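Naming follows writing order (A, B, C, D and E), and every chain is counted from residue 1.
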Amino acid sequence: MADRRRINGPPGSTIPPVFEDDAGQPEIMNGKGRDRAPNTIRKMFLKTGVTPSASGSAYLEFEDSGKSGVSGLKLSCTVHGPRSLPRSSPFSPHIVLSAHIKYAPFATKQRRGYLRDPSERDLGTHLETALRGAIIADRWPKSGVDIIISIIEGDQDRETSKSQGDETWDMMNALSGCITVASAALADAGIDCVDTVAGGVAALVQDAGEDSTPRIVVDPIPSDHEKVLGACCIAYLPTRDEVTNLWFKGDLPASDAGLYTQLVENGMQASRNANRVLVECLGEATS
Amino acid sequence: MPLDTSTYSLALLRVDGRRWNELRRIHAQIRTQAAADGSSYLEMGHTKVMCVVTGPSEPGPRRGGAGGTGGGGGVGAGGQSKDAEVVVNIVIAGFSSVDRKRRGRGDKRTLEMQSTLANTLAATLHTHLFPHSQINISLHVLSQDGSLLAALINAATLACVDAGIPMTDYVTACTAGSTSTYAANDEGADPLLDLNHQEEQELPGLTVATLGDSDKVVALVCESRVQISRLEGMLAVGVDGCKQVREILDQVIKAQGQKMILDGTVDKGTGLNDMDLD
Amino acid sequence: MATATSSTGAPPPSLTFARPVFAKLSPHPYLLRTLSPDSPDQQPTRNNGRSPQQSRPIQINTSSLSQAHGSSLVRTGDTTVICGVRGELLPVTSIPQFRPHNGTLYDQDEDDEQRARKELRDYDLLVPNIELATGCAPQFLPGVPPTTLAQTLSTRVYSLLHGAGVVDGRGLRIWYTPENKKEEGDMDVKEEQEEEQKPEVVAYWVLYIDLLFVSFDGNPFDAAWAAVLAALRDTKLPVARWDPDREMVVCRKGGDKGLDIRGLPVACSAAVFLEKEHAEVGKGEGNRHWVLLDPDRSEEGLCKEVITVVVDCSEEETRVRSIEKQGGTVLGRELIRGFIGVAEGRWREVKEATGI
Amino acid sequence: MTVTTAPEAALGVLPRADGSAKYSHAGYTVTASVNGPIEAQRRDEHPYEAHVDVIVRPAAGVGGTRERHLESILQSSLTQIVLVKNFPRSLVQIVLQVEDAPENDYVNTKLVQASLNFAIMPALFQTSVLALLSAGVPMRATATATAVAIVSRDGTKTSVVDPSPRDVEIARSVHVLAFTSHDELLLAESEGDFTVQEWNHVYETAKDVCCRPVPTKEGMEMILDDEHTNGPDLRHFLRSTMENKVASDLHWK
Amino acid sequence: MTSSQQVLLSPAELSYLHSSLSLTPPIRPDGRSPTQYRPLSAETGILPGTNGSARICFADGTEAIVGVKAEVEKTKRKWDDDAVYTENSHNDDEEQQQDGRGEASNGNGNSDWVELTVEIPGYRDDDPSTVFLAQMLSEALLADGGFIKKLRINRRFHWKLYLDILLISPPLSYPLPLLSLTTHLALLATRLPRLKSEGDEDPFFDDDWAAAPYLYSRNPTTKRIAERPPVTLLVMAVGGNIIFDPSKEELAVADVALAVSIGDATTSQRSQGEDDRMDVDSGNSGGRNLKLLSIRTVDPPSRLTPPGVANAANSAYGHAQVVNTGANQKMPEARQTESEAVEGVWKPPRGGAKAIVMGALVQKVLVRGGVADEVLDALEGVDTS
């Protein structure tokens, strides 16, 4: 059933272009390995107040590491509220936070539809969890705030990610970006938080080549590595040294817990770095 | 594949070996679900449904759109009305039919069944006793082989009885059909009782629900073409079938009642004296 | 300040507000006041400091997105819109009631172009969609179906794309010449061979044109259209060919070639601001009006009558591609003709920004 | 269905609606129902004005983006002629059902397209005006609309009033104009490729069709010998339709 | 809001609950020990129409049914994947990747071989909480690559597995543990028709259901199940205590709640090769070597509970200052009163949790002979054949 409220194009299904040299493609990208130190994240550009009519807004862009099929993440976030809840909704002693994340149709090589798919809704839930810990919710009873993030450009084309079966790794990168940009927008909207929360990703990766042993890197680009064994995305409050959201996925032997703790440690490290950028940006905005 | 009616005309036996006025095996039990106020499980042949009743209770917060799986088919304005609102919610499991098909939320047929059910029950339950409240009836279809609506109605009745919601009488339903298609316009077509999936596909049929062992019809759904002349016969058979179903359901409930008394979950006496415990 | 206070029935001096407060409290008198200065030597200005006939500077960046085949970002004042164009392949086999035309790869004549335009329409090869529900303004929150405004905008872009014939449909065809075996070819009679080697269209490119409003402050159509045009000019499709043994279209990396875009139609919108807010329309005389070029969000809220003119001055004679005028009776023939002149001015600005 | 057929209209065709009209012209047949002024939902309630709500239902299938656009155009135009100030916080609802559209063997009508169908606009517009009249909704003016296409046949450009779909398809530009009974330009929609002069000419043609001075009783003959001018005389048509309606309603007197 | 159907508890109740759970040992409302699960009754193979099904009733009456249905699906491949499939590429690992790449061109990967839907009565299937549950469960399944491999028939075909998870009872408690366990059993009971065809020809199957092998192969000799589907455990921390399988009320006062998915890494060849040792292992539950598949933070509803008002701050007691009213919250002293905790007055937790605490939760799950082992043992008790 086609969406009557949009222009749906030809009735016959269209196919995204298929390239002759697909076969070689993954090798090309695996060949070009990670060129950053394992404990440094990509450069990012953060700016608040991109949408004047919103109560708060921010734009985040990751440095574009000129690899094939890899492009910097581009996010724009708007915050509306605090505003009074609709008459229909029940009483709430706190501000009701609702996060909404949507990939733009042109954000990934596979064109996305306009309706949110489960993965996007899932991201939204993660983001809510991460932010709910940060904001001081009981200062706005009976009110609500909407946080809307549009992912203007994805981290790497879905084709690659799908083929590596590591779409979720990209999702983690996206989520960490969303957390950072959302917290910037919240600050821009002047909603009190206990601290600026920022996202960070750490992954246990296996590089190409037989002899390479698994190592832990922060802010991974999956296509840099032969295989991602596990990754975690962390929303972290540096001054309180607290984690508001932890999302781990992978395949770790339970035998050595060290691995897990290291991952988390690195994730926190990554978010600390992101936080520095965040604080800096907010400082500029206020000054 | 087309239903071979010739076998019927010869042996007067249907594809599953039943006679024209035979019900399929009905197995039912109530109080299957500890957490709910009332619950039931019912099999009509291979059609298996579960029903869970919660309430009468305070109407919950309106969930978005209330359409689709979220409490569709509401009757009565709930919160402000002085009758209880009957909210029916049918979940058709993906694995219920032979080839798995995903019923998206807001599936029209499901919605229609929801409202039919809600209306039927709202008419029979004494909703006026529970103003400003809501009776939630959620049904799960685990396996379907025809007569789905009938099965749902019967299951809902059982669950409501289990929940102790006062009602006029049992609402029992079953389907009736006719041995030959509309196209084959023969007058000699016999009516059939309790259609299975295959018969439902091939032959004209209707679902009828009656009140107790009276002949009062509380619901009648006919979605297929059939000569008006045949309709009366079908209806008669259907109503008769409902009576049989009622007997079975009544047994189930009585048995459960006895069990509960014997277990001592309720003490004999209070208003149960008239119930025969032989 | 002083003028502002006096305009609203001179409240006691104790109670004087800042200009923005007035602008919010009673927008219509406020705008009216700023538009009709006391002394003739003052120029009438709008709340946003522009003169009635002055439009916001437009700024166009292209190919900022790497995933899309073509992209653009257009900023006019506080209205920001991103456009991404993505090409996908539509094999003729999956087109219902496809009618192979008798054109060939080589004829570039007029009617072939007409045929191409018809194909664009019939097979729906251009798919523009405008997404407003990005929180780009308080009234556009996500989770709701596209508003009437969004749908209307999409339709207008769609109609204009086809009506103005911006995209040359011939660029979207993918040809294939079934070559037959040499030896057969030899024994074949010449013209028969030509018959078999006649190239045929096996697939079309479908252009998904998606527009995302990042920030919304009035006059969405002009910005959106500018973005669409810029993105289309920026679009480069990979070289595609039909592979008979795999029976699918495959593309080659590199050597992408751009689309053939016809002319540079530019949209220019204005809203009519009436002196008497709730005056009976039509009794035009005695009710002064101002034509506000490129209105922003607050002004759009105050105006009913709007006009959008799309002009193309690429050729020596100005061609009009579209006129859309609704919601009022102020703009008569003369005013509209005058406005077309204004649009020509706007055209030059946009041409400047497009950098061609 | 040829273009030259005179318009036909019937008023009050729907018994339950406050007002209704059935109008057919240039191959299009549209039925409209008007209800109002009625209570408005708080969503589209305006403190000073009545909200005019227009719903367009296509001949086949359900409405899409195109219908939304048509609705918004009609809505903004009709709001101008209805005396909305008289009914604050209320709603005037106009439902337009397209019953018949000219069959076209050239354009494949199978797939519903989003592009705006200009030829249908006058029919929709005219029907809603008639329906408003029959509903007795106070209006400050009546209005008439027509469509004009500029078709270049063998080199020479000719303007066609009420173009057939085929004309629209081959036309270089298509225009829809609506005028109030005060001869004001109420609505102007044009698409295609044209010059200011062409538009000027279109304006003249349309105005002639829409705003020919209503003939007085003795002017009747004048109309009759006026046949050579192209297109029907819509304003006169509108007036006579209403007169007939009134006459038939009052025949018992 | 995931996990939180609006909890209807007063601040007083909450604070009582919180303090009693913070005791050592904690006192749970239903008298369970911190690590104890709700007693449950389970049965499998209840739906003949499915490839595998299970039903679990928790003692508190919550009940779930899971049905698994499998269909043969043509593996979408890239045009030149014959080139990709070299003979030596039968090492499973690579094969995985190439399967993936094969589909890459058509834009869907292995994850599409499993479709998991969750039905919670009264919730739309696109409700955030429902989506969150579905994602969490499928995530755990897909995390161990071994599972997807089982679905492979040959190069050109694979099984498409549909898991339909129905919550029958009204959602009294956060249904995650229930659904996870039920899914686990259903998968254990799942069997796919025996493949008769060889190689890459179109598959045809043995229609004898008895001969159908289990998706999770049993060890021929010991009839024990070599490897098991993942299990997702819900664990929360309150005060200094770690509490498993919390009820709705307990969750309402949680400081932090995690959903931890673990898998059983007992490899198949080990089960064949070293039965004896396995049997030994089966004696002590420590034998199983677990693996950590996924962790998710479950948003604790405690953040959405109404705060209590301390007497000191209660204007009804003649004290001027009222906590959390707009008047004074911008003032530092108001902040201070906000942040300071009064004994016996409920304050919804603010901020996050220390990483150490989370680590402790995870450890508690994974440690040998820990809760994960217990749960898996308990599930082994269920007859799934």
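As a working rule, a contact is a pair of C-beta atoms (placed from the backbone, for glycine too) under 8 Å apart; a residue touches a chain by one contact, two chains touch by 3 or more.
Chain by chain, the UniProt names read as follows: A = Exonuclease; B = Exosome complex exonuclease; C = Ribosomal RNA-processing protein 43; D = Exoribonuclease phosphorolytic domain-containing protein; E = Ribosomal RNA-processing protein 42.
All values reported here derive from a predicted model rather than from experimental measurement.
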item: Set of chains whose contacts include both chain D and chain C; value: A
item: Most widely separated chain from chain A (Exonuclease), with each centre as the mean of CA atoms; value: D
item: Chain centroid nearest the full-protein CA centroid; value: A
item: Label of the chain whose CA centroid is most distant from the centroid of chain C; value: B
item: Selected interface, A-D versus A-C, where C-beta contact pairs are more numerous; value: A-C
item: Centroid spacing, where centroids are CA-atom means, of chain B (Exosome complex exonuclease) and chain D in whole angstrom; value: 53
item: Whole-Å gap between the CA centroids of chain B (Exosome complex exonuclease) and chain C; value: 56
item: Between chain B (Exosome complex exonuclease) and chain E, centroid-to-centroid distance (C-alpha), Å; value: 35
item: Chain A (Exonuclease): positions in contact with at least two other chains; value: 5-7, 10-11, 16, 18, 90
item: Multi-partner residues of chain C (each touching 2 or more other chains); value: 96, 124, 151, 154-155, 158, 248, 250
item: Per-residue overlap in chain D, given as positions that touch at least 2 other chains; value: 65, 68, 111, 114
item: Chain E - residues contacting chain A (Exonuclease), complex; value: 1-2, 6, 78-80, 83-84, 96-97, 100-101, 103-105, 107-111, 126, 128-129, 131-132, 134-135, 139, 143-145, 258, 262-263, 265, 289-299, 303-307, 324, 329, 338, 348, 350-355, 358-359, 362-363, 366, 372
item: Of all residues in chain D, those that touch chain C in their complex; value: 48, 65-66, 68-69, 71-73, 76-77, 79-80, 85, 107-108, 110-111, 113-116, 140-141, 169, 175, 180, 182, 184-196, 199-200, 203
item: Chain A (Exonuclease) to chain D touching residues, read off their complex; value: 4-7, 10-11
item: Of all residues in chain A (Exonuclease), those that touch chain E in their complex; value: 16, 18, 22-23, 26, 90, 92-94, 110, 118-119, 121-122, 124-126, 128-129, 132-134, 136-139, 141, 158-160, 162-165, 167-168, 194-195, 230, 232, 235-237, 240-255, 257, 260-261, 264-265, 268
item: Residues of chain D defined as touching chain A (Exonuclease) within the complex; value: 62-65, 68, 111, 114
